[in-house]
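Structures for review follow.
Look at the two complexes coming up: chain A is in both, with chain B in one and chain C in the other.
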Partner chain A sequence: MQRETKTESVAPSKRDVVDVRRRGASQWAVAWRRFKRNKAGLAGFFIILFYFFIALTSPWLAPYPPRSFQALYEGEAGQPPSWKHPFGTSRAGLDVYSEVLHGTRGDLYVGVGATLVSIAIGMIIGALAGYSRGTGSDILLMLSQVFYTIPLLPLILLFARVFSVLVAKGFGLTLILILLGVFGWSTISFIVRGEILRVRELDFVQASRALGASRWQIIFRHIIPNILTPVIVTATLLIAGNILTEVVISFLGFGDVNTSTWGITIEEGITYMRTEWWTPVFPGLATLFAVLGFNLVGDGLSDALNPRLRD
Partner chain B sequence: MAGMTTYIIRRLLFMIPVFLGVSILTFVISNAAGDPIALIRQGLRSVPPEVLEALRAYYHIDKPLYVRYLYWLWNILHFDLGRSISGTPVIDKMGAWVLTTLELQIPALILAVIIGIPIGVYSAQHQYSKSDVLITSFALFGYSMPTFWLGLMMIIVFSLHLGWLPHGGAAGIIRIWWGSEFADRIAHLIMPLLVLTYVQLATFVRLMRGNMLQVLREDYVLASRACGLKERTVIYKHALRNAITPIVTILGLSFGSSLAGAPALETAFNWPGLGYQFVVATFSLDIPMIVGITVVITIMLMVASLLTDLIYAMLDPRVRLG
Partner chain C sequence: METLLNVKGLKTYFFTEAGVVKAVDGVDFQVGKDEAVGLVGESGSGKTVTGLSVLRIVPRPGRILAGTIMFEGEDLLAKSEEEMRRIRGAKIAMTFQDPTTSLDPLYTIGNQLVEVIREHDKELSKKEALEQAMKLLEMVGISEPELRIRAYPHELSGGMKQRIAIARALASRPILLFADEPTTNLDVTVQAQVLELLEELREKLKMSLVMITHDMGIIAETTQRVQVLYAGMVAEVAETRSIFKRPRHPYTEALLQAVPRIDHRKELKVIPGNIPNLIDPPSGCRFHPRCPYAKEICWKKIPTLNPVDDDHLVACHLWQDLSLTGA
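Moving on, here comes the complex of A and B:
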């Protein structure tokens, strides 16, 4: 209680004082408060929540199972949007509404999963590059730069094609997830390395080292909290990019034919898109808004977590 | 300029590991798909033994993979990328495909820069106004757009329904659009160009707006305003110069990402450039062609990023000295 009155006299603006009284202002509470003020970021947050809700509930929400051509047998293939088929049906008999719902699950799985793989690899390589000195550090930095420069999409397409020849079935979306993750870690590793080099030279870290803090104490108390914020921002934007790439991969026909994704539905709608426009339109819109949501949250987070922009 | 020379040398040396990395990766993985000769024999009814023997010798099939890679590397130093499954030398095709791809990429990049910079500056000048909100959301949509899908939507509207523009390809085959051959090429270029420009424009507008906002907060802008300089002079003569430098770095990056993304857009428009041909070659597992196209794309990326870095180093001495 005493502490709060103290803060009141120090606090620069009225709003901060009110907030401090309500709860102890941890780093995350402050960030969330700043994030909430950003309307666009908040909109993105709700878009993402909506998509995750659909991804979790799609088996119950969707009227048809994934990759089901049942509408063909009901004599309703190639029909425009109606009450029974809100997004219409494709010429082959797919219910586009069900496919979009099931695709949400597949695409979020790839987008989020690949990002987690990238974070794991990028953290390890970035940390090693930041902590080692001399040749080892140079080699790791060069490795990151090679992965940053190479044309990712062509290589991923090639890997996906070759794996589909070698391992005919059963790999599916997880293969795409692993490929995207393994190729996409370079930005994360740059950030981690840069932050380590910056943070370990800061005065207070030097001071705690001088006071006898061990290497691990410094890593957990100082380095990780500092790395976390830029990594979270990059990861959010990376999810958006991974979803886009996954849609491109399955659109080009290099994805998994047995799983519903937005890209594959677009691809299957191309042939008759003049008359049956609904087949490519709705999965594309789903992609657009999913990517938009993650981009909005990424931008909002980078504003909220960036201490230099604090007013 | 001693610093500049060492910078260029260092930068050129960096290209070697990138090139080796990409070529080894592509070479190994595409050869993992199967025996190149077995792939060629697919679809042929009978192959005479002497032809088979010649193919074996040509691909050095009895040697281990790394020896084959070294042979390939030796050939590429003599501008020989091998022969595709169909028998034509890969290098013969490359020139035309690279030009077709650049015909789309370069005008899009130029248009995006020319349009994007003024819009970004305007948006920053009028921060939080209605037009700023409009521009920012317009850019955000472009940033989040699946490029190929936007292309498909435009094809549905403008060519399949309205019939104003051709729906794919780089030149008319059955029908020549708008009279002359040149006009026909323009007609085919318009839609893919618009799509690509919009998507790249978004990046430049966002970046330019952000840079400009940051620069406008600087003390020297305040000082020049306090000196009574005209707002136009402050913005265009003093602020813009500093805000525009980071754009140069994005130039190469943006070109690179749009080149790497070319397979999707070019397939949507049947645009016979490198990306489209890469998809075709990958589907038919045409190993020399796959490796050839990947290497050419990588070289283009490296040249673009080299040029960008050099221009940046000329503009900003901290880069070449640091």
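Moving on, here comes the complex of A and C:
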């Protein structure tokens, strides 16, 4: 408080001047500074970075192409980890190492893609629910609640089966992505609705209107940027959830057998788990660290962006 | 004096689920050219809503139901939303109570000033607008504007933020400024500075000022004329000097006696009770349940504004019989 009254006087102290120059601290810069101090969040960040690197480079990193049963023809099916096959081979002749690498691409595609679909739907519905009043708002809120409460997995499995014609044509992963996205937007819409109700009452929105800003300017320049932080946090956690759900769907046999994903490999290896543990365990570990990474980043972001935890 | 703003019979109601809140219920209100007018009353008396109504930015579920708002000879209520948008900021501007939330936390000070400057002068390049922003910061007494212009709101003190909010409101040189409780959330020393600044700018920019406040002290310092609102209706209108010397409405008297004074060491008088429920306001004079002088007529009949003299009006049945004490 004392320092604040000081800056009010004609000449601010040297320290303030230096501060402003050094930091030029936008909210994002401040958040990043605080995020960096969070060891777990930072670890998660590097885990995620590593996964994205693998996903981008997997065609070059992996010794075998996706879904290649080459090892079978080489007479090396069902072998434990070795120099040639670091994660071993499955009974059917898949190189587990290659499958885990290719699966990274598939699972990140589904995890991130489904989340983007959810954000798009959730933002639109949440924004409409927050902006309209009366019956329209109630209906949209009710719709969100329905999607929040119905058990999604059986529904997604049902749809995956119904659209299996598409799966056969090679749309498999994209179909799962769309299903996860279309059924997973309710949390985003709750948050967006609540945040809009909060932000629209803030003085700077009213002040901008009083100075001649148009409705769209206010929505895009002032309201949306100010509700993004909780959306980002939720989205990060949602990616983890979506990856896990994709693995579950594939594990239950509703996935796309023509694309490499962790879930498919686990499913194919689980029967022989006792004798050939390597087939399900390595993709399982890949799933575990991916989900862990996104969750750590989500928690780290939520701490870093929370204005009530100012340092 | 030439009249700049002339509001007549303004009614702004809020249609809430609990019922219709008659926030402003038939208010007349004038502002002259270069004049500083005070709008005073407790929270919920309708002073802020009056300001919002003039700019036509009453938030939903509020609506302006009746009245005329003549500004420079034209009725603002008859204008289209697009026409109003060009008046807001350029001709009439408003600053808001809480300096901590009246600036968008995501943008630099410069960015937010440029936004308003270019809104009303689209020809201007970004660089020219930034130069103007710099001049605005100097004008409102911000030291080292070249540094502050790159700062974010959270890096500044409350007083500075309020100065910048004022700079933003004045960016397009409006001729009428509504200042809604500009000092409520500031330290006492900073309060005085901000009031001084407003007074100085009003004279320099030849601007009319409407000071919205609940503080009679601020009214005394900054205004020439004052309008006392109670529960959405006008209680008294007069020159500031004469209202302080001799208030005619019991509510004004009560407001004056609620101001702490160092020279009389007597107990501070508070006004008993609360501002009435505006969904179902009291019958007759809305102040009668709290008024120490109330008589039968007060709850039977709504008082009209009676002229005490040329520029002193009071809405009280008993004003001729009462002898009220001023400050």
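To be clear about the criterion, the second predicted complex is superposed on the first by the 284 of 311 C-alpha atoms of A that agree within 3 Å, B and C clash if a C-alpha of one lies under 4 Å from a C-alpha of the other, contacts with A are read in each partner's own complex, and residues count from 1 in each chain.
We adopt the following convention: a contact is a pair of C-beta atoms (placed from the backbone, for glycine too) under 8 Å apart; a residue touches a chain by one contact, two chains touch by 3 or more.
Just so it is clear, the structure is predicted and the values come from calculations on it, not from any experiment.
Visitor: Let me test your reading of the model: by the given contact rule, A:R133 touches which partner, first (chain B), second (chain C), both or neither?
Guide: second
Visitor: Classify the contacts of A:N226 with the two partner chains as first (chain B alone), second (chain C alone), both, or neither.
Guide: In the superposed model, A:N226 contacts chain C only, not chain B.
Visitor: Both chain B and chain C contact which residues of chain A?
Guide: Looking at chain A, the two contact sets are disjoint.
Visitor: Quick check: in the complex, which residue numbers of chain C touch chain A?
Guide: 55, 57, 59-61, 85-90, 93-98, 101-106, 108, 115-116, 119-120, 143-144, 147-148, 150-152, 154-160, 165, 168-169, 171-172, 187, 189-190, 193
Visitor: In the complex, go through chain B and note every residue touching chain A.
Guide: Against chain A, chain B makes touches at 14, 17-18, 21-22, 25-26, 29-30, 32-34, 140-141, 143-146, 148-149, 152-153, 155-156, 160-161, 256, 259-261, 263-264, 267, 275, 278-279, 282-283, 285, 290, 293-294, 297-298, 301-302, 305.
Visitor: Quick check on the complex: what are the chain A residues that touch chain B?
Guide: Listed in rising order, the residues are 142, 145-146, 149-155, 157-159, 161-162, 165-166, 240, 244, 247-248, 251-254, 266, 270, 273-274, 277, 280-281, 284, 287-288, 291-292, 295-296.
Visitor: Give every residue of chain A touching chain C within the complex, in rising order.
Guide: Listed in rising order, the residues of chain A that touch chain C are 4-5, 7-8, 10-12, 17, 19-21, 23-27, 30, 133, 201-204, 206-214, 221-222, 225-226.
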